[in-house]
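Before anything else, here is the set of structures, which you'll find just below.
Next come two complexes, and both contain chain A; in the first it sits with chain B, in the second with chain C.
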Partner chain A sequence: MTAHEIEEYLAPMRHEFADPRSLILPALKFAQGESGWLPAEDMAAVAEATGFSQAYVESVATFYDRLYIEPVGRRVINVCVTLSCMLRGSDEIFDHLTDYLGLDGEGTTEDGMFTLAKVQCIGACDRAPCLQIDSGEQIGPLEPADATCLVDDLREQPAPARYER
Partner chain B sequence: MAEHDDGLIVLTINGREVRAPKGTMLVDAAKAAGIEIPIFCYEPRLGAPIGACRMCLVEVEGMRGLQTACSTPVAPDMVVNTESEVAKDAQDGVLELLLANHPLDCPVCDKGGECPLQDRTFRFGPGRTRSLEPKLHFPKPLDLSPLVALDRERCIACFRCVRFSQEVAEDGQLTFQERGDHTEIATFSGDPYEGRFTGNTIDLCPVGALTSNPYRFVSRPWDIKNTPSVCAGCSMGCNLEITEREGEVKRLTGRPEPNMAVEEGWICDRGRWGYPALRSADRLQAPVLADAVGRRNVPLERAVTEASGLLGARGARVGILLGDAVTVETGFLAGELADRVGGGTPAMVARTGIPGHGLGPIRALPGAQMDDIDGADVVLVVGGDPCTQQPVAELRIRKARRAGAHVAVIGPRPTALDASCEALRTTPGHLLDAAAVINERLQGSQRAVVLWDEADLAAEPAAAEAIARVVAATPGARAVEMCADVSGAGLRALGIPAAGDLLGALEAGDIDILLTIGTDPTTGPAGDRWAAAADRAGTIIEMATHRTGLTDRAALVLPMLAPLEDEGVLVSMTGRAQRLRPGAREAAGAAAAWELIVGITHRIGNPVPDRTPAQAFRRLAEQHAAFAGLDYRAIGREGAVIAAVPQDPGSPAREPVGDGLLIVPCAPVFGDAVAHRSDALEAVREPSRAALAPAEAERLGVRTDARVRVTTPEGTAVLPLEIDSRLHEGAVYLMVGDPSSGAARLLPEDRGPVRAVVSAAAREEVGA
Partner chain C sequence: MPQVNSVYRHREFGAPLTTLADYERAGGYLGLKDALALTPDDALYAFHRSGLRGRGGAGFPMGRKASFLPKDTGRPTYIVCNADESEPGTFKDREIIERNPFQLIEGLTIAAHAVECERAYIYIRGEYEAQAKVLDAALAEARGAGRLGPDALGEGRPFDITLYRGAGAYICGEETALLESLEGKRGQPRLKPPFPAVAGLYGCPTLINNVETLAALPPIMHRGPDWYGSMGPEKSPGTKIFSVSGHVLRPGNYEVVLGETTLRELIFTMAGGLRPGRHVKAVWPGGSSVPVIGEGSLDVPLDYESLNGVGTFLGSGGCIVMDDSECIVRACHRLAQFYRHESCGKCTPCREGTGWLARILGRMVAGEGRGAEDIRMLESLFGRISGRTLCALADGAVMPVQSALELFPEEFAHVAEHGSPAPAPMMGEPVG
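Entry: the complex of A and B
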């Protein structure tokens, strides 16, 4: 991702933001769309395109859990572990997924296909326990077996053209 | 009445009536009245208060909730309570939360004993915690840079270091990452925090999160003695504090009570971490006598007697060469010594440095102090590069720009200010062309400050004259001379001339004894000429801190104290006389230069009346108009500005000597002798080198990884090459400083304009 591409992406929306700092977030999201995470070069490009220091751009990126500054899998599976989901068995779902993916807790599979993460409430308590794939719809309520089926389905899907985290 | 005729606002703090000027923050108003409100993040030097730490919460009657005293301005009839139950409860609560993840490892923390967090916890804190949860733990420490260590768990997220980086040094490198319950200070992708001012974050840190790597675990506050003194690293004259333990300088810090007229409490990293040079391997530890018996160490007493014997011999023609960082007392006493040597044949006294012919008109401009830059509407930097030569001046200039001044940097060198200020790059050797632009920028200004570079304008007297005319015609405009030499302004005020005539006399064989005081002329400008000329004098007597090119040839070597160990007065580039106070004494066999001179005059049998630098200073103030009325008491802690010295009129333009490319001398900040001697600065040290524009390098057929041969009428040096697209063609930028590189030797004795022939170095030279 080059600074020029980011500038072109930002050009139509610049007028919407009174404070130019507000451009950093859409720029980071756009940059992350390419490789699914934010390598240092991409953050540097965002810094160049927005006119802020690289360190400042990184400080913004680190605040948001869904902006990844370490490599993640092609798909990120976010398992909600907040109260409603926990009471309805999110622990079992999470453990089932770690076993199925061959992970030891949160992390990325060796083939780089999946990243499994625990997240706080994703706003679908009525469908607890639930999970979310990237920035997609919340999926639930789930049985542990449903979760592993989901993984199988995802494996067969092609890589997305752009990553929406 | 809440507002008085004197414009002060009246309010009540803790039942006491307090007056403060409008706009004062509550915390300052209380402090002035002797009431302490605890703070961590508040620091006016970092810009507007941000109320990040919440430590200063106070109760204000009629206002909902508690207010942060650091960001609440005084208002008429305000009733403030800092000790009410509500306020105390808030202070307890804030401290309890600040300590929630703090490891309380004070017994092994470098800050322990001089830590605001520790002090305020004792004074304002709850005494015990209710928190049972485990604290955060990080691997420790993390090297933020080779010089600054970060203990993340100690950090209370006060923002001071981040604000310094973002808003004072403007390097934009430090930020907070993972904001929230895991907030930590970081740089982009964990890169080292690089800069010229990084150490100030250590001084600013109110806890033990940022500590100095070279000082880590070196000392505890109750084992040290702190002495306020002045940095002799450049002509800025920054005030600093020397930390001594067991006779060694262990640390240098900015002054806790800054000199707002000079450095504002900031010091550069070279000044801060240059002190290990005091104990480098080449430091002279004991006097050396070389005579018919051989070359051997002798006691200091014996060495002084030998020196007086040589210097006092009837008919001896003596030349005294003063280094650029000697105190004015040493300069004055050298003059006194000159009248007492040779059995009545007065000695020549000279200083290494720029003669300054032709700088008369520009030096006659009204002078400004560094704090005048704060209120300036236009700031012009003409020639030089304050960012590397007088680094702390850069922070003032940046501050002026933030306050709305128009800042233009005019000269042949790229500078660190170019990105944020107007950069007007001139062709090397053509500062005269800039006079028109300077005139344009000064139009309509009322409080302009022009900082001009001594070396650059001395090389172009015509430009100096033209610029002086333009500035003199601007009402309210004042000037600051960016002196090339640390003590240049002071020695000039004593009327000590530059060394050209002395060098001539040496070369003509008119000098029998050369006495050098705190200088190594063989590594400086015209080093080869000086070396040959010194050989023509039959006898060399050397007073020096470190080994020099003359040490092995000298009949007598007297180790002398460095400025951090010495007492005396240095005059900064703004003409401010400031006192050095001895912080430690590291070389056992060394003595102060002034003391050695006094001893020699006693043994010659014609003693000077002075026994201390204070007495010498009082006498020199009587004899030299510039220092009239000054003594150590008048200088005090803040320093005193000396009077301007009448200058000789301008002289005609000068032509560069030699053939080839014009040399633009540059002084990298971590490139000087101190940086090369200090092991603390090893990681950031910069080599002396030659730099060329890409097109020029191509024309000469030299590549980046190559070394080049640079030849001037003064000699030849083989130097690493740097290719930099920001440089002008038709010039070679010579980064001088490392005494072993021979780069400075290529310049003429008066540092005047010179051309150099640059070519690729032959293979055998590269090996060497």
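Entry: the complex of A and C
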């Protein structure tokens, strides 16, 4: 992702903000869309496009759970484990997925296909236990077998044109 | 036990109202028309007169909050809609955005008329990307129809809305942390005062309200503030949406008239009750950050004052129900892990204290507790965390644990010695 591409993306929204600092978060999300995470070159490009230092841009990026400063899998499987989901079996869903993916808890599969993550409440407790693929629609209520079907379906799909984490 | 779909207009209509035509067919934009017939001051007075209180959690009177905004400062006035719905157990705003987005847009437009604002921001949590897309489409349609843009408020008065996406941080639902995030900074709370009404976004006068609060405005303006104020108790009138989750058979959102429904009716009549043979053990009626109450409090009417009367808060209306199949300490540990993860780290008592809470509860659950010593340590922690921080996250971390310890002292003592029993979650139940 080049600074120029980011500038072009930001151009139509610049007038909506009294301070260009507000453009950093949209720029980071846009940049992350290309490779699915934020390598240092992308941080530098965001810094150049917004006019702030790379150190500052990184200080913002590191605050947010859904901005990834290390590589993650092609798809991130976010399993909600907060109270309402726990009461409905989220830990069983998570454990089932770790077994199925051959992981030892949270992490990325060797083939780089999936990152499995425990996340905090995603606002879909009526669908508990639920999960979210990247930042897609909250899916649930799930049984362990549903979760593995979902993984099988995702394996068949091509990489998304843009990552929406 | 009346269910009134005032904010959930789509339920009254019987279908999602995701196009402007459908929304207008369902009576949409009549409230704005009535609001624009009033002067801004009179519209503001109508908010005040309705008795509407903030629906995000704090319950501050909406009209009073709006009246704090200074006028004629020579600087822009902003409105920020808090759509960072992240309180565990709360998913009411998600449904407004998914199925009735124009009512939020209309509500924002009405508020813009009253406080004479030209630009509002909706700050939506990053995890609500699917919902953000619904709002994107609704905003574009409203703009195309002239409902937003250069003449949105009539007589050449412009108004528009920017949708701003968060990126995963519970704390950004705290209003000053939200402003920091919207300003392109780490989402850490600010010292108050100054309050956002005086120095909010970019240091300008700013009105911040929750999605549900703003979406309540169109019916208030159309049917009149006295209609709204006549529903429910004098001090907390109107309707409120409760999100019910946990061990109930029909989890979901239920909009009720405040004060006219009991917690028991919400859980058993609306949310389908529990599995046969099970009893209510613990309820967090206003999201996970409020004190937990037990079976003895189920007949409390759902309104701000009555819930305070049984030692808890109405909060966000995220009502988490737990039956007698689950260990209270395990539930508290899970919540403590949440607050530990979400503490922004700015204030030491919260940054360190939430870690201590999670660690102590964790070893208790795992059977590695230190008996009475752990209970004493928990008790000594509460007062060293609560009330010593810039924002309410730390209080929210303490209250559920402290109240649970008071309500279930024997179970805590037992778990501190012997650990929690193996989990037995409710799975595979039909969801109504």
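As a working rule, the second predicted complex is superposed on the first by the 165 of 165 C-alpha atoms of A that agree within 3 Å, B and C clash if a C-alpha of one lies under 4 Å from a C-alpha of the other, contacts with A are read in each partner's own complex, and residues count from 1 in each chain.
Rule of thumb we're sticking to: a residue touches a chain if its C-beta (ideal position, glycine included) is under 8 Å from a C-beta of that chain, and two chains touch if they have at least 3 such contacts.
Just so it is clear, the model here is predicted, and its values are computed rather than measured.
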_Superposed model, chain A: greater residue contact from chain B or chain C_ = C
_With both complexes overlaid on chain A, does A:147 touch chain B (first), chain C (second), both or neither?_
neither
*Applying the touch criterion given at the start, work out whether A:91 contacts chain B, chain C, both or neither, answering first, second, both or neither.*
second
_Between chain B and chain C, whom does A:43 touch in the aligned arrangement: first, second, both, or neither?_
first
*Using the touch definition from the top, say if A:59 reaches chain B (first), chain C (second), both or neither.*
both
*Both chain B and chain C touch chain A; at which residues?*
52, 59, 63
*Residues of chain C defined as touching chain A within the complex*: 76, 85-91, 93-94, 119, 125-130, 160, 162, 164-170, 181-188, 201-202, 204, 243-247, 251-253, 284, 288, 318, 320, 322, 326, 330-331, 334-335, 338, 341-342, 344, 423, 425-428, 431
*Spell out the part of chain A that touches chain B in their complex, as residue ranges.*
40, 43-44, 52-59, 62-63
*Complex interface listing, chain B residues touching chain A*: 166, 172-180, 186-189
_Interface residues, chain A side, partner chain C - complex_ = 13, 16-26, 28-29, 52, 59-60, 63-67, 78, 81-84, 86-92, 119-129, 132, 135-138, 141, 143, 164-165
